[in-house]
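Each of the two complexes below includes chain A, the first together with chain B, the second together with chain C.
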Partner chain A sequence: MENLFIEPTEFSPKVILDVKNKRFELSGVSRPEDVVAFYESITLKAEDYVSQMLKNEDVLKELTFELTFDLIYINSASSKYILQILDIFKKLSLKGSVVNCNWYYEDVDDQILEDGEDLSEVIRMDFNFIDRK
Partner chain B sequence: MKESKILIEYEGFFSHFIVNELTTVFKKVLVVMIEMLENNYNYIESIKFDLPEDIKSPYFKIVQTSKGIEIESSNPLKYEHLDDLKSRINEINKCNRQEIKEFYLKTLVAGMNTSKKSAGVGLIRIAKVAQNKIKSSFDHSDNNFLYYTLQIIVNYKKDT
Partner chain C sequence: MSFNIEELYTKMNTGEVLLAYKGSITAELITNVLGVVETKLDHVINNSSIKKKIYNVLVESLQNLYHHVDDLPEDYNGKLDMHFGIFVIVKSGETYKIITGNFIKSEKIKKLKERLDKIKTLSKEELKDLYKFVLNNQKFSDKGGGGLGLIDIARRTDGKIDFAFEEYDQNFSFFRLDVLID
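Take a look at the complex of A and B:
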């Protein structure tokens, strides 16, 4: 399976699905003009990756997957898709893998921290909240 | 722009705490502003083929008031959408801070797997972030349209 890499723009985040290193990253600003078009390919790729992993129970038990969210701004439309992405990768933890979710924020930015806390609560997954400093 | 006007001011010795307070206010204003503008243009985009040529244009402003920074957005609204919007705003304005968070999270979950473009949390997020009630007005425009105005204040002092 191939990696996914999307270059960031002023309004859309950098996206990485690194298959070899078992990590997914979303960083930057998330308010793309066409939020559906932007996130559709990402959720499909994530679904595809997770479906493949779920086929092998032995691999799942040994798997540690890293999620990194290093975002500056998220609009409400993007929240829906970030939640979908979390829901997809959560399937790995439900089958025995370790899924670490690192959520970066700045101490002067209540909103990004609050967005992360909200998503963590909704998806019922513990996040590691990391002050960017 | 007729004249320059102070949008935000603070007199006194600055500290890390004060810088954080000002940054927090501006970040809230930014979030509310983007949500309002996105609501405005997404709605207009959805009804663009029904809009008469002489309809009043959408409008947006941010002003300083004695209570805080007021953000206001206006746009034409189809009469058929009035009841849903009014009821949504009433539902939001009934909530206290904890309830608005619960309403936001509940709506986000409900909207997660729908075919709609967004989860429908924009208005709730505006009230949640500003931590104030939404003010709205609906003025008659013509037989099919109203002119809808949404206002909210982000207070200067962080309400903890």
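Take a look at the complex of A and C:
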């Protein structure tokens, strides 16, 4: 399985899928010009990874996977893709793995906190909300 | 002719105008505008919560424009840029207004009007529920729209949105959306 690393730009986030350390990270600003083009390749990679993992039940039971969302701003179209990403990794937890989701925010009135709460409710997964300060 | 784009644009440009643009709405333009606005807002506003709100609303408004500027009346062909749209940011006291405008085919008005009318009547909780529903259920449009823009704008501004359709001819109207941020 391959790692994934995408450098951040002013308008698109840093993306990491680290196979060895069993973690996925999305950080920075997410307002890519073409949301669909940007996120399609990421969801494909994530799906690849998860379907590989799902093949081995013994590994799954021992697996703890870490999701990190350290975002400053996401537009509404990006939210849809983040939901898809969550949906993909959630499959691991349905098969016995532990999936931790860390969601960073800056202020309590921060929109990003509300975005995280919405996503957590929709995907029905508990997030660890972490104050960045 | 009753409807005149220049007149409308001039009317929009009243008060303390922070930014005004009319012309082709492209992805590159949006990127540039957001860069400019971020810098400009840093100079004009100290309140970071308002600054964030303006930025958020602007991103969603511009993206909406970008996804809907393909319709242009025939007699404007050649006279106006392709993907023609308008946007203006006006400050009045401590409130800010983001105005966007684009042509819309007459047959699309009914649906959009119903959608806006509905969104305007929803409470904060109802908007949240609708947002979550669309987030979870609606597929992306061919143009990459997620269907969340207007709901998102309404949530962030407590539904302080106004809109108007000015008839241009039989087939086209000009759609104007005013979003108030305070």
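We adopt the following convention: the second predicted complex is superposed on the first by the 131 of 133 C-alpha atoms of A that agree within 3 Å, B and C clash if a C-alpha of one lies under 4 Å from a C-alpha of the other, contacts with A are read in each partner's own complex, and residues count from 1 in each chain.
Note that in this section a contact is a pair of C-beta atoms (placed from the backbone, for glycine too) under 8 Å apart; a residue touches a chain by one contact, two chains touch by 3 or more.
Quick caveat, the model's predicted, so the values are computed rather than measured.
Quick one: classify A:Phe11 as touching chain B (first), chain C (second), both or neither.
In the superposition, A:Phe11 touches chain C alone.
So, does A:Ser120 touch the first partner chain B, the second partner chain C, both, or neither?
Neither partner.
Touching A:Ser27 in the superposition: chain B (first), chain C (second), both, neither?
In the superposition, A:Ser27 touches no partner, neither chain B nor chain C.
Scan A:Thr43 for contacts with chain B and chain C and give back first, second, both or neither.
After superposition on chain A, A:Thr43 lies in contact with neither partner.
With both complexes overlaid on chain A, does A:Ser93 touch chain B (first), chain C (second), both or neither?
In the superposition, A:Ser93 contacts neither chain B nor chain C.
In the overlaid three-chain picture, which partner chain does A:Gln84 touch, first (chain B) or second (chain C), both, or neither?
Touch partner of A:Gln84: chain B, not chain C.
State whether A:Asn102 touches chain B only (first), chain C only (second), both chains, or neither.
After superposing on A, A:Asn102 lies clear of both chain B and chain C.
Which positions of chain A sit in both the chain B and the chain C interface?
Shared contact residues on chain A: 31, 35-36, 73, 75-77, 79-80, 83, 109-111, 118, 121-122.
Within the complex, which stretch of chain A touches chain B?
These residues of chain A touch chain B: 31, 35-36, 73, 75-77, 79-80, 83-84, 87, 107-111, 118, 121-122.
Enumerate the contact residues on chain C facing chain A in the complex.
Residues 27-28, 30-31, 34-35, 49, 52, 55-56, 59-60, 63, 128, 131-132, 135-136, 140, 144-146, 148-149, 151-152, 156 of chain C touch chain A in their complex.
Contact residues on chain A for chain C in the complex?
Residue positions touching the partner: 10-11, 31, 33-36, 73, 75-77, 79-80, 83, 109-111, 118-119, 121-122.
Give the list of chain B residues in touch with chain A in this complex.
Chain B residues touching chain A: 19-20, 23-24, 27-28, 30-31, 34-35, 38, 101, 104-105, 108-109, 111-113, 117-119, 121-122, 125, 129.
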